[in-house]
Amino acid sequence: MRDIDLSIVHFPSGPIEVEGAEPGDLLVVDFLDVGAFPHNPWGFNGFFSKQNDGGFLTDHFPLAQKSIWDIHGMFTSSHHVPGVNFAGLIHPGLIGCLLSKSQLDTWNTREGGLIATNPTRVPPLAAPPFADTAHMGRLKGDAKAATGARTVPPREHGGNCDIKDLSRGSLCFFVVYVPGAGLSMGDLHFSQGDGEITFCGAIEMPGWLHLKVSLIKDGMSKYGIKNPIFKPSPITPNYRDYLIFEGISVDEAGKQHYLDVHIAYRQACLNAIDYLKKFGYSGAQAYAILGIALVQGHISGDVDIPNAFATLWLSTEIFDFDIGPTAAGPTKFISSGMDVIIAPDK
Amino acid sequence: MRDIDLSIVHFPSGPIEVEGAEPGDLLVVDFLDVGAFPHNPWGFNGFFSKQNDGGFLTDHFPLAQKSIWDIHGMFTSSHHVPGVNFAGLIHPGLIGCLLSKSQLDTWNTREGGLIATNPTRVPPLAAPPFADTAHMGRLKGDAKAATGARTVPPREHGGNCDIKDLSRGSLCFFVVYVPGAGLSMGDLHFSQGDGEITFCGAIEMPGWLHLKVSLIKDGMSKYGIKNPIFKPSPITPNYRDYLIFEGISVDEAGKQHYLDVHIAYRQACLNAIDYLKKFGYSGAQAYAILGIALVQGHISGDVDIPNAFATLWLSTEIFDFDIGPTAAGPTKFISSGMDVIIAPDK
Amino acid sequence: MRDIDLSIVHFPSGPIEVEGAEPGDLLVVDFLDVGAFPHNPWGFNGFFSKQNDGGFLTDHFPLAQKSIWDIHGMFTSSHHVPGVNFAGLIHPGLIGCLLSKSQLDTWNTREGGLIATNPTRVPPLAAPPFADTAHMGRLKGDAKAATGARTVPPREHGGNCDIKDLSRGSLCFFVVYVPGAGLSMGDLHFSQGDGEITFCGAIEMPGWLHLKVSLIKDGMSKYGIKNPIFKPSPITPNYRDYLIFEGISVDEAGKQHYLDVHIAYRQACLNAIDYLKKFGYSGAQAYAILGIALVQGHISGDVDIPNAFATLWLSTEIFDFDIGPTAAGPTKFISSGMDVIIAPDK
Amino acid sequence: MRDIDLSIVHFPSGPIEVEGAEPGDLLVVDFLDVGAFPHNPWGFNGFFSKQNDGGFLTDHFPLAQKSIWDIHGMFTSSHHVPGVNFAGLIHPGLIGCLLSKSQLDTWNTREGGLIATNPTRVPPLAAPPFADTAHMGRLKGDAKAATGARTVPPREHGGNCDIKDLSRGSLCFFVVYVPGAGLSMGDLHFSQGDGEITFCGAIEMPGWLHLKVSLIKDGMSKYGIKNPIFKPSPITPNYRDYLIFEGISVDEAGKQHYLDVHIAYRQACLNAIDYLKKFGYSGAQAYAILGIALVQGHISGDVDIPNAFATLWLSTEIFDFDIGPTAAGPTKFISSGMDVIIAPDK
């Protein structure tokens, strides 16, 4: 049992060796507590520029934008996005055990195969190993760096899952590929919505984790496990009132797509943004809210051809005002002036 | 305010004219109560045969299969799927207002466009109007039947949304396209998981709805509404302990796909089925559980190339036994013998 | 498994014989569902006149008063108490098994002993057997009527417990005193606050129960059971925002009492009534709200001499308006005019 | 906004002056966060000896006893009470603003009046001012010490309320009696049940509070406030499965009392202890569990003469094993050997 300090944005801490862990075991990780550093009571949310690969709604928000969020104990609010104030659910975006050489080869082969279908695409279809910026630890030699997997995506071992509910009180079961397990984690978020849609995406911040580990010997086979599984915390924000937006897989141009959940969820997000703008928010402020505010994204229908169907659940309780709808229509609670900061492309 | 009786499986009741409703209004529908008929305390869940267009996991479960679910007050259980017993969340799978002629034309054009990209595909990419089985009410003439939209998919007006949370106590805001609104509803379900993945998919049953309607005049414009929005009930099953399964967009053959949530959710479902089989369930029993048991399907990550990332939340509280995982490994609580009934293809 | 129709206000249905039940067993009762009759969608709440023994706050509300509550599916509201609208939690106020002759003798002896300490008190300290109104069923003879226990109080077997949470989905374990158990129940309530403080006290209504029974043989001894135990429903109103009022055991005249929870809870109730009056409610309207609206009454401190300490939890979510408090002070949302109806003493 | 360190057991920190606070205002206190010190990850629960005034069940547990509770992040467990493990809800047992001279005189008069009814009683009916141990701060002179109110009970200003739900995320409204308010607090608890029945009573520990204060000017009059009010946290343990024990106001000797909630709650507690002993717990272990484990104590009926009726809600989710009841009867999960430590009277 120990505390682990995590730096900001994606850079992992670890790997931690777990005595007795062997390939095929499940590593049980208790998230006993997690927090922000008292001397650093703030974080930020960012949209990537479309020139820098963008985010989920990059065609609608092509510029880099950023908002700062103050942390007040377990709550957060922002001068850039007035009218919301809510309890966070702090979690590491990135966590998992070391992979084996054969697992690494599998990843590089399959992701390389995808890139090969359109190798000059901008942005690329996947992020291949990149020796120039690889952090090699005690390893020496370019050859290895050239094969190290990038930490961008989630994969079988967990990785950059960005699961908003993996918070204090959660219980996780990770797969062990190598002796000693080698648990690493990073990318701490104060709060995030399902999908981390603004890409840099949650409220990013440094902080600490307090973990306890144990093992289920041979647990992968015993339970038929390929990807990690977990249990949510017994202590979570108990929101009960949501406004739920729907989206179908017809894109912004009216084109019909076949059971495409990605497009359906994008429509649900755009519908929610249109709604929030009626209360005085800018589109970017609304987008930031969806990125960070414990929004739920549900795959509500995925069999009724041709439309996939997604719902976005937005808690009404995070707002300082009534977001209705009512017969009287919306009031513009938010006056223009404050906005998410833009960093123009050069 | 009135009670409406609903027949089983998809056939809608309605349309109901709402006095004063005009195009552009929002029709506010209060789900005051909803229930099964006392004389019909049962429902069924079915998988479609792959020859009959199948369901979400049709490659894994290609045959037609069916389980019967007994309704005990607000609870359900089945002789075909022992070991589970839970409170349902009764909802109409299909609900929405009449569409306008121009809306209908838009639908037929865009869905026809999709079909045209591969018109001989089996199953088809979408379901075009089909005069032979169209229910025309008081209308006469084949010409109209030939353009009537099929009720298979969800669309802007709502339709076959299969939203498991649209239950007693929910509050819905539907878009009005024609004078009088014309609210129809059907396809009552006793309980269903996100996605209705077994396709015929929930626990299908007849029953009744008790509704109250009111209007927000010019509500579509006031609130920037395109698709319906809704609020969940203040009375819902308050599950708090879940087992959460992950899936990434690498398919069963190991092929990498680009940010494909459909494939990621399929992997999460397959991972859950593999897990449940360790307790003695057949694959089909596990599939049926995921189809009906208030399972949540979350779009957890949709920006970290190349992997989309989905999570499936399975409540542990619906099971009569501990579904762990524990260091001792699983016990086979379910003995073989009972299973979901198979109807072989001819 | 069967449905049972219940008449209004306290008159019990039963007794039901349970095959195989023997003294010392626990009778397990599943509340599968419970409801109001569709043809009778209303109930009432009443205060007893002080001349008729009154209620919890009878010195403050000495007259008989009554409000009518309309039932809309699972919700209720009243023309006499505007501004509130909430989901009920229907429960039988009175339920339990037949008692044995020796149990009956114990009750009559101990309650007679209390009455003997002040036999002329008005109201009396307890309600002794009363042959004139005793309902004797098939029994004959005045002698027995003269010893039949009154159904006013809760006792070891359950009885008139008025537990607001004993609703659809609850699971109860009653003690069996005689062969066949003899389960009776009555006094159906649409909704009630802890303590049933207005005495006639909940929203009283007729309706039906759908029950399933089973037995734990010799359960009283196995589990050390004297009084019934129960488990709440998995489906209950999930209120999360409360306004919590405190009371200490100093009475309205400023007199200090020693660890008296009854007086402390009375002060908490009076504090809540004073608060609600600031929004325009009459005292009687506020009292009615506390009587019926799923209010929680907690024994928060009972050891710190000389003050017992009680808290009253009032959900803020039942109100149509914001009940604060805010820096701006309260707004009088409720205009005078409507009130709980008074029936003057003759 | 500031952090405040709190020492262990009852000794208050403060008073803190709030600029602008005047008599009649409400002091709004936001509990932004609260925690244990990382270097002190443990606390204790104690029963007082009956010779030292005892606790709620002192006739059943007359000796001083103590258990040590380890704090693991937001969870706690004890070697002295095996089989339970749960998330705490940290709160200050004691909090409130400075009182005025006239308020102090009122307290001393009314509590002196109670003591005068039986001045030689052991234990005393109330705790009068006691100059020998009074902490006078910068004040000089015995005269003042001789009139300082003891901090034992809760009173109108709040004080030693021991409200288990006054935790991180709560919002409190305290009454202001003197210019500058003078907010003090202390007696931090890691977790406690309603009533703090073991007297020393919760899991006592040192720790810190992070508060924000604001004012509602003239709030006492605006809202009709006499005692503090508060709102619970949006983040609390979301237990949903309880075992609920009942008690009526017939005492352990079978004597009938008139609407005495204190006695009814004592019976509910004793019933719960008898139940827990069937699983192998000692009576003292069961008593300790009820003292600390977020148990709810409800005033369920207080009008049906002659019996007051109390319920004790014990979460089943804090136990490592199934506490049933089931038809199979209880299993003794807890083996004797470990117990709460006894400190014999001299």
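Per-chain numbering from 1; labels A, B, C and D assigned in written order.
In the analysis below, a residue touches a chain if its C-beta (ideal position, glycine included) is under 8 Å from a C-beta of that chain, and two chains touch if they have at least 3 such contacts.
Quick caveat: nothing in here was measured; it's all calculated off a predicted structure.
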| item | value |
| --- | --- |
| B-D against A-D, pair bridged by the larger set of C-beta contacts | A-D |
| Farthest chain (mean CA position) relative to chain B | D |
| Centre-of-Cα separation between chain D and chain B, whole angstrom | 48 |
| Whole-Å gap separating chain A and chain D, where each centre is the average of the chain's CA atoms | 40 |
| For chain B, residues that touch 2 or more chains besides their own | 234, 238-241, 317 |
| Touch list for chain A against partner chain D, complex | 1, 3, 30-33, 38, 72-75, 86-87, 168-169, 210, 212, 234-239, 317 |
| Of all residues in chain B, those that touch chain A in their complex | 26, 53, 55-56, 106, 110-111, 113-114, 123-127, 152-156, 158, 160-165, 173, 194-197, 199, 201, 214-219, 222-232, 234, 240-248, 250, 254-262, 265, 267-268, 271, 274-275, 277-278, 296-311, 316, 324-327, 329-330 |
| Residue ranges of chain B in contact with chain D within the complex | 238-241, 317 |
